[in-house]
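Consider the two complexes below, in which chain A is the common component and chain B and chain C are the respective partners.
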Partner chain A sequence: MTGAGGGTSTAATPSGGGAAAASRRDQLTLAALTRSRRLTGPAAGAVVGVVLILLLLGNGFTSTLVLDMLVYAIAAMSLDFLGGYAGLISLGQAGFLGVGAYGVAIAEVHAYSPWAAVGIGLGVVLALGLILGIVAVRVKGISFVIITLAMGQVLWGLAYQWVGLSEGDNGIPLSTLPSIGPIDLNNGLTLRMTVLAVFVVIALLLTTITRSPFGLSLRGVRSNEARLAALGYRTGLHRYLAWVIAVFCTGVAGVLYVFVNQLISPTTMNFSANGLFVLMVVLGGLGSIWGPALGAVVIVLFQQELSLYVSRWQTLMGLTLIAVVLFSPGGFWGLVRAIGRRRDAVIARLQRGGTP
Partner chain B sequence: MTTTPAAQRKDAAGPGGASPALAADHLCRRFRGVAAVEDVSLRVAPGDRFGIIGPNGAGKTTLFNLLSGELRPTSGRVALFGQDITAMRPYRRVALGLGRTFQITRVFSDLTVLENLTLALHGLSRTKLSLLRPWRSYRSVTAEAAEFAAKFGLAGRLGAIASELSHGEVRELEVLLALALKPRVLLLDEPAAGLSPAERVDIQALLRSLPPELTLVMVEHDMDVLRGVVDSAAVLHLGALVVQGPMREIQNDDRVRELYLGRAGAGRRSARGLRAPGPPGLPPGTPVEGGGGP
Partner chain C sequence: MPQFLAQTLNGLTLAGIIFLVSSGFTLVFGVMRVTNLSHGAVYLLGGYIGYSVIGVTHNFFYGLAAAAIAMAVFGLLLERTLITWLGRSEMSELLATLGLIYVIDDVALAIWGGSPLTINLPGILGRSSTLPVDGIVYPNGRIFILGVSIVVALGLYYLLRRTRVGAIIRAGVDDREMVSALGINVRRVFSLVFMLGALLAGFAGVLGGTVLGLYTGADSDILLFALAVVIVGGLGSYEGAILGSIVIGLVDTYGTAYFPAVAYSILFIPVIGVLLVRPQGLLGRPTT
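== the complex of A and B ==
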């Protein structure tokens, strides 16, 4: 295809040696761009991976910051999976993160082994997702936002007021983390690498699902649910599955959260925490999975780094949000996509044999 | 008509029986006491091309939605190849071979043509719940989608977002989505609504090119669109059937002429839909109207 494009270009501009040189340059550009389309993603992933590993090798403030980013990124990506693909924006995300975290902590308080506690934490969040999903996916749009908000607030209320179970305002500290053979999560470095590994697994899992026929069906649900039903899809089931996957992945983030912070308290699940996750998704770019991870990075930077220097950091965050919504409705990831589209347009033009 | 459960099961087993492709028995649907469809019975034989005609407000879309399952009837029953589907939800009917299109075009407007067709082609297979394999890797499905698009004039448009298509192309895509499910009976809700005369000819050609074994039931406001596409038709007025028979007879039927020339005094509710509306306030011709216009 490359050769044919270059040939057409030569034939179309019969003005001698200059044209031949130009067409050769086009051909090289085309080859480079085509290669870049294939390699950009993996290359960027490798670079980011190496940077993350280097940052996490240290034991200071930076690595704690990165850990927070990764944990929040998992929850933000799960929210995006549900909101950006199936069109169901949940305002109860922090609640499910809290359930995962509290599940582990409470199980340990009741003398279960750390591994059993992880199993119990994930089991509880999965069961809760399965049960609440029956109610939640009956509604769509703003009703869904409100019903998930209500669920998040009820979960927060339970954590706050069911003192016998949750120890109320004080929260529950977590003393021992699981270990298996040489992998001991009580070791800081092992824990940090495990969090990174879980982040990578969840991110790849979610992006894989979004590219599957099921992922396509979720975009169909968001685009036109009645039409999808008329094509033989049981759309309620598809929304339900998306909900369960999102809730479970958020629960995984919750387990990592309590590992990293070694404490879970109701503050983690309060209303503004729910709002922060939606902010991460909107800033990063709805419907892109990687974008919300970027959003989590930015929000954590604002919240924990910028707040050291600027007392009015929330004002700056608000202004950033307004700027993003106005100038890049697709969020940060929208900018990345725009560059990709530019490249595709240049490739298409070169393949047709035009001049760039 | 089959009445015993045993007979129903036998008929459901295969389309080879004598049962009609689509049958409606005494269908009624009331909205807060107002009858939108009143005691409508239809028989459409396999392979038939059947039209449902009537002015706006005649209950065509309600009847259509009763057949497709978007609405449940207040009373009466619907059968597909002898199998009772009255209580079945739309996606189950689709699985049994009842496809439909929408009057207000419903395609996935922010998805590409290829993605639209892929969704339709996965519709009846278990692969629609596949999680871990990219949809683009289902080569046979993407190839079939490309073939479909090529056969019906959307060949170069596979990568186009549906919202960028022309109105006529969107209508074609709409019909293609329904056809991709390989229905035995296809319900078409005003497929030519809002199209230019040239685009109408295109869509009529598309409809005529459909496989002969496919049963078509087409709701249409404009009799010209049906001409040359359907063999027989039923005329609906104020929720009730006025006449049913071959298209030639329908066109020459006095009652239909009256209806379409507006002398029947259809009342305020349907006056908009008639080409030459009669004077308002004349008593309705059928005892159905409960209180139409505001």
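== the complex of A and C ==
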């Protein structure tokens, strides 16, 4: 930038011709950057939304893949809400997805109507979240991980061993999906758009909660619990509520899972599956809600696309997780944020009247 | 009654194997504050290596030794590379070792395949004998495993309570900074403890391979046992690992025998009970 040196000293009172040009250029840059800060989010959202709708209009392999991504993304975002904002990383998330799915499938086996089955599935997952939360949020950090892992394994064990209830290894197929008026989920396109809608609703719900006073105090509890407690916040209750919200949203993902796959079996909730959700969150970026959705996209691609070409894709996935933990603790979203921060820094400097 | 007695013996055998795995897990956590989620995978890898060495040498004890040594070396490498690189961040270590599980499992799957394998015990250990009580016929191998784990437990107890190294390790559990300040090379203690944990896990893998079998998923099964043990006994407590192993081994065996539909979940009863009454575990100390 020519004349930049002069601009620095005279920016406050532009008098010379070169300095005025520089200052004008700065102002244009500032305007462009501010506009980009305001518009990037909505624009990216709109583009992704249009792409998703276009992909889901088809009836082939791609739309199935996208559907899987959306369902897993809901669970990953819920886990991120718990892990990234409340500081509670759960290794039992697949278990609650399984509870939601099994709840619907088992209720239908017992001749309940599809809508009643959905109610039962969500009710069971909510009740379980409310009860297990009392035990789970008594501890934090490593102990919480261990306890949720144990819970997840127990839920898997029930699905695997309690053959009378869960049909064991074979799993339970789901034949009829609910319908209301013209909206019939048995129709493929309607189901796909419904999954997309639920995904958007849950994503907006979670981002809204994280920006609410509750979400802010939740972050406070994570970073300095003693201080929040001293300020009069009921920190245990905060963690408990975050847990219940995360478990319930994961249960919703479970209901969608069984709708999409029309089958639920113990494999969906085994140890490896629990680890995958953590992988999605860490890969995408802990504490960003949108990052883990991106993580879910990548992991589903690993699982369903890369596995076709690379037989040792699990090794690759494990190494990817190790690499992210070692080199980029913020995950993908950390990179996005780094770009955003640089833009903010430039804007701040320009507003102070300096040169970029 | 004879059936109950046989189940109790089965439970204690299982407790022995679980103890070998969980004692290493809890010591590593106690001294280094590292939660090594890949501990179960190390157990399974040790079992597989033992299986192959036995296949080549036709000697069970060579397999046992090879698995223990191989895993000790693996543990040392792991501690010197990944764990050191991560630089004492509890959650990163947990996540990285979670990633390692996928790698180890996948490599094991590539080498040993997906079908379950069983290690056969040699000679007299492979037979059964009649016990003096109630005329129960019981496999010698299980008695052998029980005996070996008791010997290891006593040996570890002696190491921890009666030797200088043990004193340093116990001091490390209590106050790492102080031990370091006293001029003791904490790095070396860390490597030693991590190696010891991996050695025990590999050793347990071969013993476990004889009664539990080696299969994809055996690692997460044994990891769950170890985690249940440390919750019940207290994370970082050696005596807690012994007590917890006995509780979990017996509960799981009785559960499988008498309530097969919910066997896996019955494990959760002692875990929840302890969490509600004493969150730090029966013999654990409250975290500060």
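Here are some notes:
As a convention for this text, the second predicted complex is superposed on the first by the 335 of 356 C-alpha atoms of A that agree within 3 Å, B and C clash if a C-alpha of one lies under 4 Å from a C-alpha of the other, contacts with A are read in each partner's own complex, and residues count from 1 in each chain.
Note that a residue touches a chain if its C-beta (ideal position, glycine included) is under 8 Å from a C-beta of that chain, and two chains touch if they have at least 3 such contacts.
Please read these numbers as outputs of a predicted model, since none were measured by experiment.
Room for both chain B and chain C is found when the two structures are superposed via chain A, with no clash between them.
Shared-chain residue A:86: touches no atom of chain B or chain C.
Between chain B and chain C, C touches the greater number of residues of chain A. Applying the stated contact rule after C-alpha superposition, one finds that A:216 touches chain B and leaves chain C untouched.
In the superposition on chain A, A:77 makes contact with neither chain B nor chain C. In the superposed pair of complexes, A:208 makes contact with chain B only, with no contact to chain C. Contacts of A:264 after superposition on the shared chain: neither chain B nor chain C is touched. Of the two partner chains placed around the shared chain by superposition, chain B is the only one that A:227 touches, whereas chain C remains out of contact. Judged by the touch definition given at the top, the superposed model places A:67 against neither chain B nor chain C. Closest approach of chain B to chain C, taken over C-alpha atoms in the A-based superposition, is 13 Å. In the superposition on chain A, the residues of chain A contacted by chain B and by chain C do not overlap at all. Against chain A, the residues of chain C that register as touching in their complex are 29, 35, 82, 85-86, 90-92, 94-96, 98-103, 105-107, 109-110, 217, 220, 223-224, 227-228, 230-231, 235, 260-265, 267-268, 271-272, 275-276, 279, 287.
Interface of chain A with chain B (complex): residues 208-209, 211-217, 219-220, 223-224, 226-235, 238, 241. The part of chain B that touches chain A in the complex is made up of residues 68, 70, 89-91, 94-95, 99-100, 102, 106-111, 115, 118-120, 122-124, 127-136, 138, 177-178, 180-181. Of all residues in chain A, only 89, 91, 135, 138-139, 141-143, 145-147, 149-151, 153-154, 156-158, 160-165, 270-272, 275, 278-279, 282, 311-312, 314-315, 317-322, 325-326, 329 touch chain C in the complex they form.
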